[in-house]
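Below you'll find a set of structures to go through.
Each of the two complexes below includes subunit A, the first together with subunit B, the second together with subunit C.
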Partner chain A sequence: MSIAHRAHAIRVLAKREIKSTLYGVGLYITLFIVFLAASYFFVNSSLRNVFDGGILALTNPITEPFFFSVGIAATYLGLCSALAISRERDLGTLEVLFYGPVDTFAYIGAKFLHQLLAFVVVLIFAAVNFFLVSQVTNFGFTSDFVGLLVLSLFLTSCMVSFGIFLSVSTRRMMVSVLVFLGLVFFFLGFSAAHAVIMSLPSQGMTPLMIYVRIILDNMKVVMDWISPISYFSRGMTAVFMGDAAQYVLSLVSSIVYSGILLVASAWVFKKQGVRR
Partner chain B sequence: MIETIQLTKRYGDFTAVADLNLKVEKGEIYGFLGPNGAGKTTTIMMLLGILEPTSGSVKLFGKSMKSDYFNIKRRIGVLSENQYLYEDMTALEYLRFFGELYKVENVDRRISEVLGLVNLDHRKKELLRGYSKGMRQKLGLARALLHDPEILILDEPVSSLDPYGIKEVRDILMEENRKGKTMFISSHILSEIEKTCHRVGILNKGRLLAEDTMANLRRRLMDEVQLYIELERASDQILQTVKELPFVVSVEANNNQLSIKTKADRDYRGQLSTAIASRGGVVLSLRRHEMSLEEAFVTITEKNLSLLTEEGPAA
Partner chain C sequence: MQLMRSCRPGSLWLVPVLILALSFAAFAQEGDQGPSVEQIQEAARQAAEQARQAIEALPDPSQIFTQIDPEQLNQGTPTREYQFVYSLSPWTGVQFGGTFAPKGVDTMFLMADVTSIMNAQRTDVYYWPITGEYMANWFEKRDEVPGKLQIEQNGKVIATLERVDYSYYYPTGYGGQQTLLLGEEAIRTYEDYQNRINSYYDSVSKYYDAQRVWQSTMDKILAEVRETGVPKKPDEIPEPPRQPQAPRDFAYQPRQAFAVNLPAGRYTVKVIDDEGNVVEGSERTLQVYDARRTGVGFGVIPEHKWTRRFQSNDPSDTFYLDGTRVFYILPFSAKEFNYYQYNKMTNLHKPLEAEGTRSAWTWVHFDAITKAKLQVLKDGQVIQEINYEPFYVKQTPGYALGYEIVKFDPENDPTLQGRAPTFEGYRVVLAGDGSSYELRFVDENGNVLEGSTRSVRSVQRPGNSLYAVTVVPLVVGVVVFGWRRSKARKGSASENA
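== the complex of A and B ==
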């Protein structure tokens, strides 16, 4: 039964990786930065609204900081994924693994599982942190928050599978990092540019600006399916709107996106081979 | 145990391995020789299922890799030329990880055994980043032996070792062979191949030029045989008689020592002795120069390629 053999290989490989992550400092530094940024975001955004307006008109004020934290952690894990395979290929250890009972699907699956497990560690810290915040500030730690935790895991899987795909496609470690960061900044930049252009009043626009606006809007449709960040935005919107259907759609689309990228990664990996 | 049938690998117009037919029997030590770029590593990668052949097939234990991938991989041990290790692990952690991957039973006891074999037991708790090249090579061998595989595929197993380490590894390999392991050894250290292998295959430009036992390979490769004869007393008459023999190619005399080259189509020592005796000469010693594998290898790849190609590649 190759499924049982493959599952065994995934478990052993992912166990080694997660151990290495837990004994390393990278994850904890990221956690520290995440919570520091989230706290600043929380105080600066939510509480300032209270002071400015005298009232906070948000159903759940910890949702936004939570997504912000998860976004940073997921990007970090995406970057780690982008490094994971190209690094191992660079070091030559990849080839040694394939001398033994490890195949492409087991290897890609283990890399994916490792990053998701690392994210579960982040989630545990995040849950405790936001629970404490909710206790201190008296903002509710509602049952919706559990739904958020689940959704964030699926949204992170998009970022991780995106990283894995880049890692197998680029071969060299440095190239993987540069391409990953380049694309993340491009997606963020595009999103910001789109938001700015769309917010401009259409009256009095030059024909060129209108043309640019149409192009950006059409590109956005494509970007929404390509960019892992878009899946985050959609998930976040679904939670803010309290839209259950959108929430489920967000989960399903994340699974499909991750699945497609992982299968594509396996295909590219087979083409590239395991040698340095 | 290992069989390749018309195995071919092409990269565009370049043919790395062409129509390779190999058969390694159970318990055999097979030496795989060839200069750099001959296609040895490509062949090994195809044996391991890491490279997909362009055409032809590989069978290990009578099965194709695809038909039983995981079980076949568990029955093979591989040692590559370069040891790529997880530098952040100790030898113990490294072997535990592979032990778990290969589902080795009583893994800690087995780790002790293999580390003892390669004489690294006392360094097992050190990080691998501190290991020397030789230690890495030995640890690689320990990893290859950890799951007690039936086939060992070794690519340059002694290339990074000092003479003592070479002997150590050779002894381990011979012992494992005595226990029944089949071995496929690719190496450029020809003396090692000669000391360990039962049969040798010689690859050049992706083609198997020769595959035979060492003795037969020598016979096929030599077009001349060098003989050294010590006479009680050499004379011009004896020298002239020897020179006139139809199978003698050349004769050099140094006092009572004769250095004679004869044709290699058969053994002429008897006829030579008789001819010398007929002129009253007394042969004190007659020694035939045995070609080492190293010489044979050079001959094959540089000089007498035609000798092998005339006979055609080995079946």
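== the complex of A and C ==
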């Protein structure tokens, strides 16, 4: 199959799916709930802290709710990816589709592009929402935020490719969903546990806690390579430090991560075939 | 010497002071019985000698922090091992810390581009499980390993260091600012300090002598006044002698060690003996690290909660205000280091210290910034320049709780005379009218200090509009849904037609 034909197939498939996503109400309701939760749990809580303290030094309080929102959205889209392929295989749609001018790369590429386009829509809504939040609170909408918007696209790219990889690796829809959610919760849980233990004062820490900290810190070295969240958090640190080189490195490593997973997905997909 | 074994770092400065106080107390006790001039001079001479001995006995920080406490030895029977160790007094940015690298500690840490003290010694080492650290018996057994310190990087010898004289100097007294002096300067400063201490004791001796003479003159005058009933004129009463002031500064007796100052990098260090052989157990890795970021740390004291001060080290921090606020900024030059490397540097003798923190970072405050000006900017224009000033916290008199922070100006406020300022810093008053400001420090030449800029915003109370803005996607969804339905209806109507 030529590159032009493959590109055409990707475009047609992705267009069909993005239309279906945009015409449904699921995405809009999800975004509303996510933004509402972000405003209540994060923005409102930061506001209350400022009102209680009178003066506070904070990293832009819009960042956390934004990270929360795009994290949920990326997980949602990753989950959709994890569902998509195994469901189509389960239903037999995949087999029918492959009788047409579609090959493995076109199919995987279309799935990936669809989710990324869906995320661009999410980003537009997120940008509007957090811009309005910054206006009503005067928290500020800084240039850092633009950097985070771009970065989040790459986080989603990692999440979606991760979801696609799981989807092609498992033959059952339920298994791919459970594995995807299990791993995402594990990555999130790990990040939270690591952050909590690092925030504990070293003074008076029991040897047991020190050993737990050593284990988590060593595990982090591995997690930095496999967890999509780690790629995003490295980029976020680079944004706050104003370190352009690290920021670009973070974007490049996200692309490499996604690329490797997509190539691996195509390879596994080819090996497993399109039949149920 | 016995006193020094059990001493702790913070209490060391008390030694000369204690000796002085005891000497004078002893003198005062004898004074009632009328000591002779010779006795006074002898007491002062003894006090000077004791002070000198105490100063000379002050150990290096590496020994102070890791010396076996005699009490610990009575609490168990730890196995002591006579072994090669590197003792280190690394510069932490605030002071020279103390640790040692016993056998088994392969990597040592030092801060880049500053001089730290390192020595190769043999001593008795044992593990003390209660505190989970290695301790050394420096005072009973401490043998310097002769030789040179060879530093290699990537297999190439980049430096071979000889031991040099070094001393710590405290210009404002022990516990204050600490300076490392090397070579001739260390010896010269210590000799100067010793000379001043000696002349101080001489002055003390002369003072008490003069005091005796003055006292006897006063006794005569008083007796005369009692007899005649005629008071003396003020100019007939002699001025009492002035008590001499002890030197406030403090200098360690010079010792010899390796002064290491390297750029960031990974090195191998080893001690080469006089015959050119590597001393067994001396080959270790030396990790010299640098700061990830340099900036200005803001200590912030809100006027309405002056005891609840907080810090802002990260230049990406923004100050958020609720309404008009008055606050005081206490700036420090700051550097961000890897937490593990920074803490391990002074805790090599504690195997578990800082373990599991290799991915963490910490800001370390160095010197206070006092000479810079704080600029307040609005819309890119400097609207105010603030100087560093002393302040005093006055408690409100009476039963009601409260306080007032005033500028420390004892000349115009008699209630502040004889007092010291509570803190020194920059007083900032910013209006909470929804404006945005920028704070930054500039030096004498008007250059902005790196990492000293902070944004300030006064937040608004958004009420329900905070939640109202979240309905945007829902509205768009409803519109899309409605449009799709109407399109579908039109489609089915045209099909039916």
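One rule holds for everything that comes next: the second predicted complex is superposed on the first by the 243 of 276 C-alpha atoms of A that agree within 3 Å, B and C clash if a C-alpha of one lies under 4 Å from a C-alpha of the other, contacts with A are read in each partner's own complex, and residues count from 1 in each chain.
Here, a residue touches a chain if its C-beta (ideal position, glycine included) is under 8 Å from a C-beta of that chain, and two chains touch if they have at least 3 such contacts.
These numbers were taken from a predicted model, which means no experiment stands behind them.
Undergrad: Just to be sure I read the superposition right, which of the two partners does A:Thr137 touch: subunit B = first, subunit C = second, or both, or neither?
TA: second
Undergrad: Would you sort A:Asn129 into first (subunit B), second (subunit C), both or neither based on which partner it touches?
TA: second
Undergrad: Have a look at where A:Asp103 lands relative to subunit B and subunit C in the superposition and call it first, second, both or neither.
TA: first
Undergrad: Based on the superposed arrangement, let me know which partner A:Ala9 touches: subunit B (first), subunit C (second), both, or neither?
TA: The answer is first: A:Ala9 touches subunit B but not subunit C.
Undergrad: Please work out whether A:Thr93 is in contact with subunit B alone, subunit C alone, both, or neither, and reply first, second, both or neither.
TA: After superposing on A, A:Thr93 lies in contact with subunit B but is clear of subunit C.
Undergrad: So, does A:Ser20 touch the first partner subunit B, the second partner subunit C, both, or neither?
TA: The first partner, subunit B, only.
Undergrad: So in the superposed three-chain picture, is A:Lys220 touching just subunit B, just subunit C, both, or none of them (first/second/both/neither)?
TA: second
Undergrad: For subunit C, which residues count as touching subunit A in their complex?
TA: Going through subunit C, the ones touching subunit A are 132, 292-293, 298, 300, 302, 304-305, 308, 310-312, 314-323, 325, 327, 343, 352-360, 434, 436, 454-455, 457-462, 465-467, 469-474, 476-478, 480-481, 484.
Undergrad: Which residues of subunit B touch subunit A once you look at their complex with the stated criterion?
TA: 45, 48, 50-51, 69-71, 73-74, 76, 78, 80, 82, 84-86, 88, 97-98, 100-103, 143
Undergrad: Where on subunit A does subunit B make contact in their complex?
TA: 2, 5-6, 8-9, 12-13, 15-16, 20, 91-93, 95-103, 273-275
Undergrad: Subunit C touches which residues of subunit A in the complex?
TA: 22-23, 25, 27-29, 31-32, 35-36, 38-40, 43-44, 46-47, 50-51, 53-61, 125, 128-129, 132-133, 136-140, 142, 144, 194, 197-198, 202, 207, 210-218, 220, 240-242
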